[in-house]
Structures are given as structure tokens and as C-alpha cells.
Amino acid sequence: MELLTTNNVWMMICTALVFFMHLGFSLLEIGLTRQKNTINILFKNIFIITIGLLLYCFVGFNLMYPGEFNGFLGFAGFGLDSPLTAEGALDLTYNQGYTYWTDFLFQGMFAATAATIVSGAVAERVKIVPFMIFTVLYVGLVYPIAGSWKWGGGFLDQMGFYDFAGSTLVHSVGGWAAVVAVCLLGPRIGKFKNGKAQAIPGHNIPLATAGVLILWLGWFGFNGGSVLSADPGLTSLTLVTTCLAAAAGGVVAMLVSTVMYKNLDLTMFLNGILGGLVGITAGADVVSPTSAIIIGAVAGTLIVLAVSFIDNKLKLDDPVGAIAVHLVCGIWGTLAVGIFSTNPEHSFLTQLIGVACYAVFCLATSFIIIFTLKKTMGIRVPEKEELEGLDAHEHGMDAYPDFRLNEH
Amino acid sequence: MELLTTNNVWMMICTALVFFMHLGFSLLEIGLTRQKNTINILFKNIFIITIGLLLYCFVGFNLMYPGEFNGFLGFAGFGLDSPLTAEGALDLTYNQGYTYWTDFLFQGMFAATAATIVSGAVAERVKIVPFMIFTVLYVGLVYPIAGSWKWGGGFLDQMGFYDFAGSTLVHSVGGWAAVVAVCLLGPRIGKFKNGKAQAIPGHNIPLATAGVLILWLGWFGFNGGSVLSADPGLTSLTLVTTCLAAAAGGVVAMLVSTVMYKNLDLTMFLNGILGGLVGITAGADVVSPTSAIIIGAVAGTLIVLAVSFIDNKLKLDDPVGAIAVHLVCGIWGTLAVGIFSTNPEHSFLTQLIGVACYAVFCLATSFIIIFTLKKTMGIRVPEKEELEGLDAHEHGMDAYPDFRLNEH
Amino acid sequence: MELLTTNNVWMMICTALVFFMHLGFSLLEIGLTRQKNTINILFKNIFIITIGLLLYCFVGFNLMYPGEFNGFLGFAGFGLDSPLTAEGALDLTYNQGYTYWTDFLFQGMFAATAATIVSGAVAERVKIVPFMIFTVLYVGLVYPIAGSWKWGGGFLDQMGFYDFAGSTLVHSVGGWAAVVAVCLLGPRIGKFKNGKAQAIPGHNIPLATAGVLILWLGWFGFNGGSVLSADPGLTSLTLVTTCLAAAAGGVVAMLVSTVMYKNLDLTMFLNGILGGLVGITAGADVVSPTSAIIIGAVAGTLIVLAVSFIDNKLKLDDPVGAIAVHLVCGIWGTLAVGIFSTNPEHSFLTQLIGVACYAVFCLATSFIIIFTLKKTMGIRVPEKEELEGLDAHEHGMDAYPDFRLNEH
């Protein structure tokens, strides 16, 4: 009982921290984009966290943790009260780690994250209603089904695939959809001139920086809570590997970008931190601190290279670097488990298979959803609206009405 | 001992989260008002939290938890050390849940909130010194006496009135005073033209949004800590109902306002979240998740209707919607306990009586205080000061001196 | 085991809160300076937290907690894995309070703080590369050696010197280096005209205010975690004394500055809160709540006097008041232990000796480092760069590209 209470306290705190990441994502995304689309981005993010929780209550939780199932798709019923008898509304026997309610809320906070990642990649030009429909389908159905394959005890779990806190299950699931969305949506007006990528500076770097530090804080809960108990050794090791990978990712991205561009680039520093965090997420509890620094350092290098590659070679317009951070580093982190894990049962090949399964499923489902939306209602705002800003057209509001602004 | 330690850890974390709500309130309030009054609003909020804690230490805590008393008014002495012998400075026998010190600090963080609610309603035109005097009296005397009636074991507690975390004891106590203050103060210049309410846009919507998410985070502690122990079932149920009501409140307010105004209004979305949070606060530990969603959805609807009603029918100028959020949804949440509670002893009638008692007491006391201030020193800044901004006149500071600003 | 788990949970949460202080420091520092140097300040702060953690892992932790040593200098090896056998990677026998990993991370979060304090004092004119070199040496070597004298069980610990959470070990260690840096660097262009100090207003007071409230929140962990266990009496007493000192510091600084300057100065209010927090840090667990209020009130008075003295008499240019807050109140708090401690073994004279030892060591080491940097690579940016802003010259970025700005 005492231990259950302590475990449950830890898990609730981690839940609160993961919730707080939604503020981090929001501030990062508005900070790295232009002021004329700020309201729109905040609206999307607030929609994601609210509808995400309701959907996870209504259907997602029971899709993701279906109990006995075939390993690919299962469902345990609608709503939250179903597994509980009337008397058992405060059932404490759910497991040794935490209560049923805590489990739901912790997992529910994760669910919305996948759509948030996409939100950053499609910012400043996506029509909001189709994005909201995408969010409902992706958070409500795709994410929990994908999650059930590993965390719900499905076929990838049985194969030995390992993803501690979601380098693949959360970050890549979002990242693959971001790739599809960016391809189908096309770049922002002015992003590419004569085939060359142009910088479109973010309008509020202090808020973007605050967003990254809030995300780092949230990762204490994201990874720390994924231990699913307050086990002192595992939770504290996890926090150490998480923070060291973040630090290494940031410092290395800063150094690499300074060498490449002869410039002390704060945005790369920040994205390096995020890359380190995403990279360590798959194996935070099974690698040593030294390995964590290496994983973070590689992630920091990958970030700088991937941002440049996506911009200049692939010519994809990802305003906040979501694909580099969440997809590239998510894949790296998942594979890194196969290299650095102290558990000999983890294999590089199995990790690769897992990555591939999620790639296929997420690319396919997000393509079906977004392509259908594109062909039916359209997914891109009119040119005039994009130039004048989504805030005025879709929301009738300014983010900063008392300030004088530059036009661009 | 182990359980005491765990309970105490939980309560201390909740205390920290409730403290953090003061940042949420501050950002929300400045975000929804004009930049020229930003310093003034921050000053008020910083004053409330600092003086609030000192007053609660000096007198409030012992007024609110007076031990044996007549049920209406009691007092246990000045200062914090009084109930402890010199040897007992670290008395651990206070109760099974947490220490005396934790109890003081958790409750002290609540105390300041009532005045913060008023602060939003009177923003942009109230004289600061009378507001500070009001804060001292309302936080130091009115709030703890009102609180003692239920949480101190007073007559409403004995009658069976239920208010888990303060839909009435905190939010309505602030909300009633807000009504009185707004009536006595009058609307801001320019709010009503030819009898029609005009929108006065807030100057920094990103900070307002951050404020709402910080408040939601803080509500994990506000409601979660009101369990007064780390009981796994109750705390985690409370967090689930709290978050689901917030989500439902936001989504429904967004939908209703979209239908009514054909506009995706971020401010209504945010206020809907807050309305859901205030609404669930009275019964977060005694309702099911499904009921929580209903309570939140009703609160979200009420917010949209109440904001319009207060603006257009009552013609009251409440710049941040404090009355709609804290009073209307506070009343709704308190009554909802009588409808949705799983505890058959909770009755709608008793809840209604409780609401009425607080209405009478808070309207009367806040009227006496504010009316006296109005007749003696005046409560409203001169017209010139209001037009030019309170920051320049009362504080000699600009909030954003490096930015070019629009006049209005 | 249960108690270890609970203690460890508390320490991990406190670690997260101390980490979050770096956002508080960042926002405070940019808020109180000009927008043209915002990117530069954020870059410095992000560098400090990332490199600080890596250095503490590589060398600092083992310098600061060297095990058996001569009391002045010791070293326990490089990296984090050294004291653990391969099997013991999750060693739980480290002590009764928390794990080895938690210990590292909690202490590591403290380490970076000393350099952050200096960062504020040298803002808007320091060259970034020499500052980064200073950070590496001060965080990597000076701070842990200084820390070992007390927290590592060195000679000051054996003498009976007491510094609970670092009024001296953290805040004064940063503060002394700030004095040296400010003297060697000289004032910003325009700070003194005809020998009179000029106000250079900070560009974003809402962010500065948010920074202070985030720092206050972080202090729950900074002081609360310094108990090094979740002991209910000590942790909760510590939070009460911490919050009361903060509140008293703020209110008294506000009153004193209002009397002195006939102006309700928000910045002084905020600095008073920070002064109260720094002041209580040395003795938060050994003084009564009443003493905490006195300590905070004295700190609040000192802040107002010290800011004026440093500006007008010493003619030192400390843009954010770091010397007044961290050094003056750090010394006061350390001496206050000798006056107010409930432990009769604490003596004023020993506290004074401790303060003097840190003064000599920190002044000497920071002078050697900064003077060498000044004579070799230079520590001050060219005049043109200072006038136009460090952001454009060192980082090629604007913090707020969409906003129209005033030149100054």
C-alpha cells in the first residue's frame, strides 16, 4: 500500500509534467513562426490537448490497452468507467504501480503529442478544419492502434522490440505523418526562391527558448514516468540519461552548426537539445550515462545535417524542424537501443523491424487521411490568407494588437 | 511514518503547483488587457501573493482553522508558531496526512487566489492603493472567515454542504467581490459606445494562453492536493475528472462560440477550459469521469452565454471574464455536486443554501469595503491616467520600452 | 525501501524544479535588459545549463564529493560510472536518502547556477567566447572545489560552518565572480553620464516577472531538496521559511523603495523577493517562520540600499542587480544563520569565517580567469557591436523580427 501510494504519486507528477509539455510545444511552435499565424497555432495546440484527452477517454485508451488481443487490433469498449464495477470506482487493485485512473491520464497526455508534432510541420499554411479532422483520426485511432503493438502487448512487443518512452511510438508516429503532410501541403509562399531555401525567421525567440526548456522539464515526466513505477534506481538513471543526452545534443549541435555556418545559432542549439531528448527516449532506462552522452551527441549532429538536408535537398518546408527532431532522431534513438542497451536481448535488427513497421503503418494511414482531406475539402488556405496571416482570416484576432509590426 | 512522508511529499508538490497558478493568473490577466496597464497588473498580482502569504501567517490560518468554535467565527491566535511548543517545532503528530507547516502553506496559497480573481475584473482602471487595502482586508479577514464555515468545520460543514476544493469557497468568494467591484467602479472608458459593448482586445494572446495552461497545471495541485492525502484512488480520480472537465469545457465553449459567432475564437476556448476547471472543483473527488465531462460541457456553454450576458445585458465591464469563469461556473460546480455526486448524502438543496450563504456574506463584506474606499479615497484613476495607461502614472515604467506601440 | 523510494521521488522532483530555475534566470535576465541582446543572453544561458551538466558529469561531481580527502582539494575520478560496478549500475545502497544518480543530477543542476549569476551581471557587453571559457572553468573547477569545503565534508564543514542550500556556496560564489567581472569589464556605454548612473530600462517586464515567479517555484526544490530526504518536518518547515522570506523580502523592498523614490517600483518588488529567497537559503531548515520573515525583511531592505549603492557610489554596472541579490543577500543569509539558528552550535564567527574564505577564493580564482581572458582574447565586444546589439553581430539573428523596435 505505501509503495503503491508512492508509485502513484510519482506517476501523477509525471503526468502533470507531460501535460505541461503542451505549453512547451505551443511556445516553440509560435516562437519559430511568424506573428501573423500565432493565434492559429495556439488554437490548434489547445484543440489537440483538449480533444486528445476526450478521444483517449472515449476510445483511445481501450484501443491501446485492449487486454487479450490478436496483437494487431483490439478494443476494450467505450469510455472510462467500463472496466470498473460501481463499487470499484476507486479500484486500487489495478496493478502494483499505480491506479487505473493514473494510467489513463498518463497515457492520455502522451496521445495528443503525436498530433502536436504534425502541427509544427504544417504551420502557417494549413486549413484549420481539415487539420482538426486529421487530429481526431490520428489521435483517436492511429496512435492508439500503433501504440498497442508494443505498449499494449501486441506483436512487436512479443518480438522483443523495445521503445521505452516513445522515440518511435510517439515521436516517429508524429514524424511520419509530418512528412506526409508537408509533402501534400507544399512549402509556404516564399520559402523557396529559384530553388533555394530561404530563412523565414521565427517571430519570438524568447518564447521558443522557453518552450524548449519547458519541454526538457516535461521530459522528466515523459521518460521518468515511463518506468511505470517510482523504482529509485530506474527512475533516477532515466533522468540522468535524459538530461545528459539533452545537454550533449545541444552542445554538439551548437558546435557542428558553428563549424558549418560560422555562426552561433541559438535555434540549432535548441533543436539539438530536443534531438538529444528524442534520441534518448527509446532507451533511457537501459543505457549508461556515457552511452547517453554518445546518443545525444549523435542526435545533435543528425539535427544539423537533417535540417539542412530537408531544406536544401529534399526541399521540404518544415517551419519548426519537426521532421529532423522527431522523426530523424526518433529513428536514431530506436536503433541506438540495439547498439547501446545493457540488456543483451535487445537487437539492432528487431529495432529496425519495429521502425519499419511504424513507417509503413503511419505513412499509409496519414496519407489516406490527408490525401482524402486534400481531395475533398482542401488542406491549404488561399494565397491571400497565407500572405495576410491565418489569424485575421480564420480567427478574426491579432496576437499582439498593441504592437506595431513589420509586414512580411 | 512512510505514509505520512508520502502524503506530505504529495501535499508539498501540490502546494508548489498552486503557488505557480499565480503566474498563470498574472499572464492571463496581462494577456487579455492592454499593454499600457501591464506593469500595474503585475504589481497587483505580486502584491497579492506576497502580502497574502504574510497575512495568512499572521492571522488568516488561525481564523480559518480555529479549532473548536461556534461555527461562525473563531480565532486561534496570531502567527504560526503558537500551537507548537519549543520542542515541537517539527511536530509530526499534527495529523496522519501531512505536517502543520505543509497545511499552512497549502492553505496559504489558496488564500491569495480570491483577491487575484477580483484583480482581473477591475483591471485597467482601479487605483492601486485602495486595491491593496481591499486585498489586505479580503484575503486577511473575509476569505478565512468564509472558509472556516466549511473547511474549518463550521456551520455549513455540519449542515452537509460540500465543496471539495473551492468552487464556492475560493472561486465564488472572489467572484462575488468582483461583481461588487465592477459595479462600483464602472466600465473602462470606451467599453460601451451608444449602449453597445465594444471589444477591447488583449495585447498578448501568447502570454494569455500560457497563463491558461499554467493554471490547468496548477489545478493538478489545487484539486489533487485538496484530497489532503496521497490516497491513490482519490487523488488519481480527482486528476482525471479535473482534466476531463477542462477538456470538455474548452471544446464545448469553442463549439458553442463558433456556432454563435461564426468564428474560431481562441479566447472563448481558453475561458471554456477555465470554466470547466472551476466547475469541477467542488466535486472532483465525488463524480465519475463521465459526469466530469458533462459538468465541464455545461460550464463551457455557460461561459459563452455568461460572457455575452454580462457584456451585453448587464453591461458590466469585466476585462478578463472573471465573473463568468469564477462566479458563474463556481456556482454551477457547487450545485452540480448535488446532481452528480456519488455520495447520496450530498443534496442539491444544501448546496444551494451554501451558495446563498456565501453570496450574502461576500456581497455584503466586499460592498462595505469597496464602498468605503470609494467614498474616502476613491477607487478609480483619473481619466487622463486611464487613457495614457496606469503604468506611466502609477509606476513610472513601461512594460515594453524597446517596442513601438499603437495608441489606444 | 519504501522510504528510500519516497525520498528519491522527492529529490527527483526537487531536481526538476532546480532545473526549471534556469528558465527563470533566462527570462529575468532578458526581461531586464535590452531587446538587441536577447539572443545572446539566451545563448549564454542555454550554454551554461548544457555544458554545466556535462562538466559536472565529467569532473565536477567527483571534485565536489571526493570521499576521503584533505579537506581542501580531492578528486574521485572522471565520469559518472566509476564508482559503480557493472552489476551495480542500479546500486540502491548509495545511502538511505536517494540514489547515486539522483545525487549527481540534483547537485549538477546547482552547479550551473553560479555561472548564471555572473551572466546577468556581464550582460549586454561581454564577448561570448571568453564568457564560455570562463563558464567552463568556473562551473567545472572553481564551484566544485569551493563546494567540497562544506558540502563535500571539507575543512569548513569540520569547523562547523553552516550553509543549508547555498546562500554562500552557490549565490555568493556566483556573486563574487560577478563583482570581478563587472569591474574588469566596465559599464555599458551610456550607463554613466557625467558620473551619474542612468536607468537603462529592461525590454520585457512580463518575462522578467515570469522569471521571478519561476525562480520562486524553483526554490521549492532548491531549498526543499537540500534537506536531502523527504523528512516531513524538515522539508515542510523549509518550504514555509522559504516562502515567508520571499514574501517579506518583496513587501519590504516595495515599501522601502516606495518611501525612498515615491514610486511603486515593480523591479524592486521582484528583486526584493529574490533577495529574500537568497537570504533564507543558508538557514531555511534551522530558523522559525518568524525569523524567516525577519531575514526576508532585512534582505528586502538590503536590496534597495545595495542597488542604489552599487549604482551611485561604487559606480558598477550590474544590469540585473545580480550583485545586490546574490552576493549581498547571500552574505546576509549566511551570517543570519549565526543570529537566528535554533541550533546552538551555529556561531556568527564561524559563519563570518566561512564567508571570508569563499570571498578570498572566489575573488582570486575569478580574477585570474577573467584577467587572463581580458589580456589575451579580450572580454568586451567592440563599441559598434555594443551599440547595434550583440544579437546581430555574434548570432546573426533577431529575437523579435516581426516587431518594430525603438533604437537605443
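For clarity, chains are labelled A, B and C in written order, and residue numbers in each chain start from 1.
In the analysis below, a contact is a pair of C-beta atoms (placed from the backbone, for glycine too) under 8 Å apart; a residue touches a chain by one contact, two chains touch by 3 or more.
Bear in mind the structure is a predicted one, so any value in this text is a computation, not a measurement.
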Exercise. Is it true that over half of the residue numbers where chain A touches chain C are used by both copies, so same, or is it different?
Worked result: different
For this session: Overlay chain B and chain C by their C-alpha atoms and let me know the rotation angle in degrees, rounded to the nearest 5.
Result: 120
For this session: Determine the centre-to-centre distance between chain A and chain C, using the mean Cα coordinates as centres, and give it in whole Å.
Result: 33
Seminar exercise, completed: Multi-partner residues in chain A (2 or more other chains touched) are 2, 6, 9, 13, 204, 400, 403-404
Exercise. Can you list the residues on chain C that touch chain B in the complex?
Worked result: 2-3, 6-7, 9-10, 13, 17, 34-36, 201-206, 209-210, 213-214, 216-217, 220, 224, 230-237, 239-240, 243-244, 246-248, 250-251, 254, 263-267, 269-270, 273, 288-290, 293, 342, 400, 403-406, 408
Problem set entry | Contacting residues of chain A [partner chain B, same complex] | 1-2, 4-6, 8-9, 12-13, 15-16, 19-20, 22-23, 26-27, 30, 38-39, 42-43, 46-47, 49-54, 57, 79-81, 89-92, 98-102, 104-105, 108, 128, 204, 207, 394-404
